[in-house]
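The same subunit A turns up in both complexes below, where it pairs with subunit B and then with subunit C.
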Partner chain A sequence: MISPEAFDRQLSSLIPIISKWRLCVRLDLRQNTEIGVHCAYVHSNHPNLPDVTFEISIQFNPIYQEPFLTFRIWKTKCVDGFEKRELWFPSNLSTVLNTTFFQIGLDYMDQSSGEAWFQVHCCDTNDITGQENDKYLKRWFSVYLTLFDERIGTIFQDLA
Partner chain B sequence: MSETQLKFCYPFISFIDISFFQELARLKLEVFKLDTELRSLYSTINCNHRDQSSQSGHLFLDSQSFDAEGSSKDVPLSGSLLNFNTLEDFRDFDKTKFLNEKARTLFEQGLKDPNHCIQFFMLSFADLKKYKFYHWICAPSFQMSDTSLLVNRNEFIRDVNKFDMLAGHLQNKWIGFLDKNENYLGDQWSVVNDASAIMIRDTSFAPQTPSAFAKNLITLVAHQRPKLETIRVYFIRNESDTSYWLRIQIKRHEGKDAAYLKTSGWERNVQNKLIPKLTDLNSLVNPTKLAEQSVDLNLKLMKWRIAPELDLDSIKSCRVLLLGAGTLGCYVARTALAWGVRKITFVDNSTVSLSNPVRQSLYKFDSHGKPKAAEAALALKEIAPMVDAAGYNLEIPMIGHPVRNEIAQHRDYDELVRLIKEHDAVFLLMDSRETRWLPTVLGYAENKTVINAALGFDSYLVMRHGTSNCNDTNMRLGCYFCNDVVAPSDSLRDRTLDQMCTVTRPGVALMASSQSVELLVSLLQHPLRANCTPDDVNVLGSIPHQIRGFLNEFKTLQLRTPAYVHCSACSSAVVDKLKTCGWDFVRQAMNNYKYVEDLSGLSEVQDLAEKAASSLVFTSDDEYEDDVM
Partner chain C sequence: MEEIRRLVWDGTLNIEITVDADLVLADAAESSRRVFLKVPRDMYLVIYLPFIVARIQDILKIDLNDVYQGWWFHFGGTALDWTQPIGVLYDSLHNHRESMMGLGDSGRRVEIWKLRLNHSHQYPSGIIPIINGLRQIRHYWMHQWKQACFISNGSSKHIMSLSKQEALDFWDSILLRDRKLFRSICDKIIASSQPVKRIPVKIHLVVGGIRKVKDAAAEGPLSAQYTLGEFIGQQFPEYFPLESAAGGQTEILMQGIRPSLDLPLDQVYFKLASFDGFLHVLVKVAPSQACDDMNKITSKNIC
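Presenting the complex of A and B:
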């Protein structure tokens, strides 16, 4: 578990590192002061899936007191003279993502927009990430972003 | 080093967040409408980090890109959006001609200020019904047809610190001129003749390959200094150690033909193909949300040409209570739904009979035996899941119908009062006069908009009740009971089946229902709402007090009746008594309708009428005829 204050603090310090991720195309830090949530928002191109973009959102889950990862997948293909981008809901996520260690469901609905996202359930985050300390979020990133990139750990080597 | 042709890479990779399209959809509906003028866009190129596949920085567009106030530490870049009204217009648009025209414009702008020769343009078509967005971005770059740009020397910048300092002059600029000692001279043409070198902001990541924006700037420099043969150009990148300089030879070819601008600039996809893009957001939101947006879209289209001043929000936010979930209730609900009303509540105390579904559009054969109000609400939510629909199975206390179960009827009364308080407009859609009496009085007591619809065999009445806050009692509009000199009483006792049921031509209910809702919608468009007079008009036309329709002649009449001072429902004596005594007053009215006649003064009017009648001397028609004869 991680406190919201520690989450905010550690997230801020990790933003420059995540932005250097080889797959990261765009990263925004959005601050919602009303509910005290910071949200990192990353788009990436997967090297083995050139027609797929992952849109990732990371925010603080106040119930579990854990980082909360949601994502959706955009697929690009040429149709009728246009390069078409649309959401993709693959029936077997493991063909697209490294899902081995995670419980993932298409069951998160953004309350304000009504948009559907995949969520990585955070009920077992503590078991995966370990006890809180100053590097909790770094460890969390290095584990959970393997979902998209097995080599994510390399960007954190400087912090080891 | 041998001379090689200078190559350029595309100046950015566009990255369009879905919020950009969501904002475009909103602007198209509410601001642009059918206008196809160029609209300004404000963006940035992010050169701060690169992913493994990018050759240049990312041009980022999001919902803020329509707003000039947006700020960023990235490289600012202005653009323009040309949004088409149809997909055919988007497809058929002459994109080559457009690019040439815009390149020419940028060239001419650049002759005034070199920093103004760099811009991007976006073509788009927003299919708001299918929530698909067609788009294509171009960054016009140009070079004179009679000129070649050759590289005869290239090097990384060694004195990084010095160029970091010089790069400070490129804040919000694309070009800077340097003298022979590499001192900064300025960024305008006034210093170009003194310049020995230029520095250009470079958005490319490719090794020693500048972005195509540099082509525009070098072309302009060559144009301003026609004798210039070589020039040193420093390409300044965000990461100092990747900045470099090139010695560029400007080789002009003599020819018979006049030189012209060679242009390029449409963005290619990752396969390097020139192809427009389509972002399909149809599956982005859940179908409920999409349905809501589609319903709103149909209504908002009214504002494009036909009724720009139409206030849809006042309709959407209006909470509607339907008393009666029969034929009228079903059709009123459907019409209200079509107008975008989001909160609809039904009140009825009966169940669906086998004969109902053919006339009452919210019921099916399977609805037989189920409570009407709840069933109607359920059906409405099946039609439009975003609607906040509810059904209450309660009996409206009726004047002249003695109390049978006081606890239950008192509870129903309290529930009715609560519901009327919680809604903005109340529709009286019941099948007897006496059922309408209490909601009429409550409507005045709570100062609500009350719309009344009643059916005959081939005629109908639609009316809006006056309001209690009209100061001029002579101007106050009447209610359903204002023409009566007796209070309503039990009209159902000792009636045959055809007298008790609503026997009407089937089309009459649709006509009355639709006009009831249209009357409410017209009222909502007037700033005085229910207080407006029948003489007022608004964006939708007139706002009558009463509409009487006669299907046998296919004719409608607009009528106006003033409020009657002794009315059994809307007179101040009755309304005030309800306000002070509540259920006790209602109980007495139920047990004895004469109580209301006494209270309102109708009994006195009746007495006076009888006295007047008895004082008259009648002669028979025969006598009269005889007299005439």
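Presenting the complex of A and C:
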């Protein structure tokens, strides 16, 4: 578990590191009533999915007191010579992502936009990430972002 | 308590579903587009899609690979969010005040909720796509229970400790309407004999037919005297000032009834909680009262 204040503080210090992630295309901070809604657009590094981009959102979950990861998958198609981006909801996520360690469901509805997102269930986050300290979020990132990139840990090595 | 639980479990809705005219053959009779169902209030309507599609498949002009994928229900132009119990959606969108005024001398009338069924490649806003059929629906429901378990007990251990067979039996108890089996497993997840840390509540704020959902856990330790009215007053002080139990034009509904706001919240939970482990509280606000209050509700759907 992590307090909302520690979440915000640690997230702020990690954002510059995440922006150096080799797959990261764009990083936004969405001003919202929620604490720390951050969004990243990340290219897929799957060799068979060159046209896939992940939109990743990281928020604070006030009930579990944990970081909370949601994502959507965008596919770029070429239609009549124009690029068209549309949402993709694959029925078997393991063909797209490294899902081995996570419970994921297409069950998060953004109430303000009415858009559906995949969410990584955070009921077992404490077991995966361990006890809070000043590196809690770094550990969380290094575990949970392996969903998208098994080599994510390398960007945190400089912080060790 | 058991009698109220039984009444909640046995509560049903009569529904008439009409498939959209664009989806059926031109010569299909009007009556063949309709399907009539009596469904439990405490259930997801999409569970019945295989039954409904089987009734209309002979007149459909679309190719179907999956009886769940692409289908969605709507009422008066509002797409129905399948992740909420159908009774909650009915109470949100149906005008109870008007229907009560229409009762005859006997006080009895058969209500039929008329819904439309549509199918499209892309779902409308506010609908979670069904990509894995009944499996996805079961996972969603189980996930709700994990949340409810965490909120009540401070951890998900009670539900994670269920054996695989118990987890399957739990889902089957919903499909087979086996209340005894359902209750026996419920009690292992959230025991009504022990004090709960927090109470899992979903508040549905309905203003002029528009519904927004807020997950709100009543923080513990709860005193035995902590009432439903106090809880709602804390959530919506603008509609329910704590010094006044009356909510003016605002209507509170749970499981289709208007409970007394003086009831202790934990008792209300154990009597009226839904089949997903949450107490669904509908706060229906007259549009003139609402102003921009819908913006105050934000999404907190969680693990």
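Keep in mind that, in the parts below, the second predicted complex is superposed on the first by the 142 of 160 C-alpha atoms of A that agree within 3 Å, B and C clash if a C-alpha of one lies under 4 Å from a C-alpha of the other, contacts with A are read in each partner's own complex, and residues count from 1 in each chain.
Methods note: contacts are C-beta pairs under 8 Å (C-beta built on N, C-alpha and C of every residue); 3 or more make two chains touch, one makes a residue touch a chain.
Nothing here was measured: the structure is a model prediction, and the numbers come from that model.
Q: Looking at the overlay on subunit A, is there a clash between subunit B and subunit C, or do the two fit?
A: Overlaying the two structures gives a clash between subunit B and subunit C.
Q: Touch check for A:R9: first (subunit B), second (subunit C), both, or neither?
A: neither
Q: After the superposition on A, what does A:G81 contact: first (subunit B), second (subunit C), both or neither?
A: first
Q: Where does A:R139 make contact in the superposed view: on subunit B (first), on subunit C (second), on both, or on neither?
A: neither
Q: Looking at A:L106, would you say it contacts subunit B, subunit C, both, or neither? Reply first, second, both or neither.
A: Touch status of A:L106: second partner only.
Q: Is A:G114 in contact with subunit B, with subunit C, with both, or with neither (first, second, both, neither)?
A: A:G114 contacts both subunit B and subunit C.
Q: Quick one: classify A:P62 as touching subunit B (first), subunit C (second), both or neither.
A: Touch status of A:P62: second partner only.
Q: Can you tell which stretch of subunit B bumps into subunit C once we superpose, 345-353, 543-551, 579-587 or 615-623?
A: Clashes with subunit C appear only in stretch 345-353.
Q: Per the definitions at the top, what is the overlap between the subunit A residues touching subunit B and those touching subunit C?
A: Residues 89, 109, 113-116, which sit in both footprints.
Q: Any idea which subunit B residues touch subunit A in the complex?
A: Residue list for subunit B touching subunit A: 15, 17, 46, 48-49, 51-54, 58, 60, 134, 269-270, 275-286, 288-289.
Q: Residue numbers of subunit C touching subunit A in their complex, please.
A: Counting only subunit C, the residues touching subunit A are 81, 83, 123, 125-129, 131-132, 136, 139-140, 143, 146-147, 150-151, 156, 212-213, 215, 217, 297-303.
Q: Once bound in the complex, which stretches of subunit A touch subunit C?
A: Counting only subunit A, the residues touching subunit C are 32-34, 61-64, 66, 68, 89-91, 105-116, 119-125.
Q: Under the stated contact criterion, what part of subunit A meets subunit B in this complex?
A: Of all residues in subunit A, those touching subunit B are 19-26, 43-45, 47, 50, 78-79, 81-87, 89, 109, 113-116.
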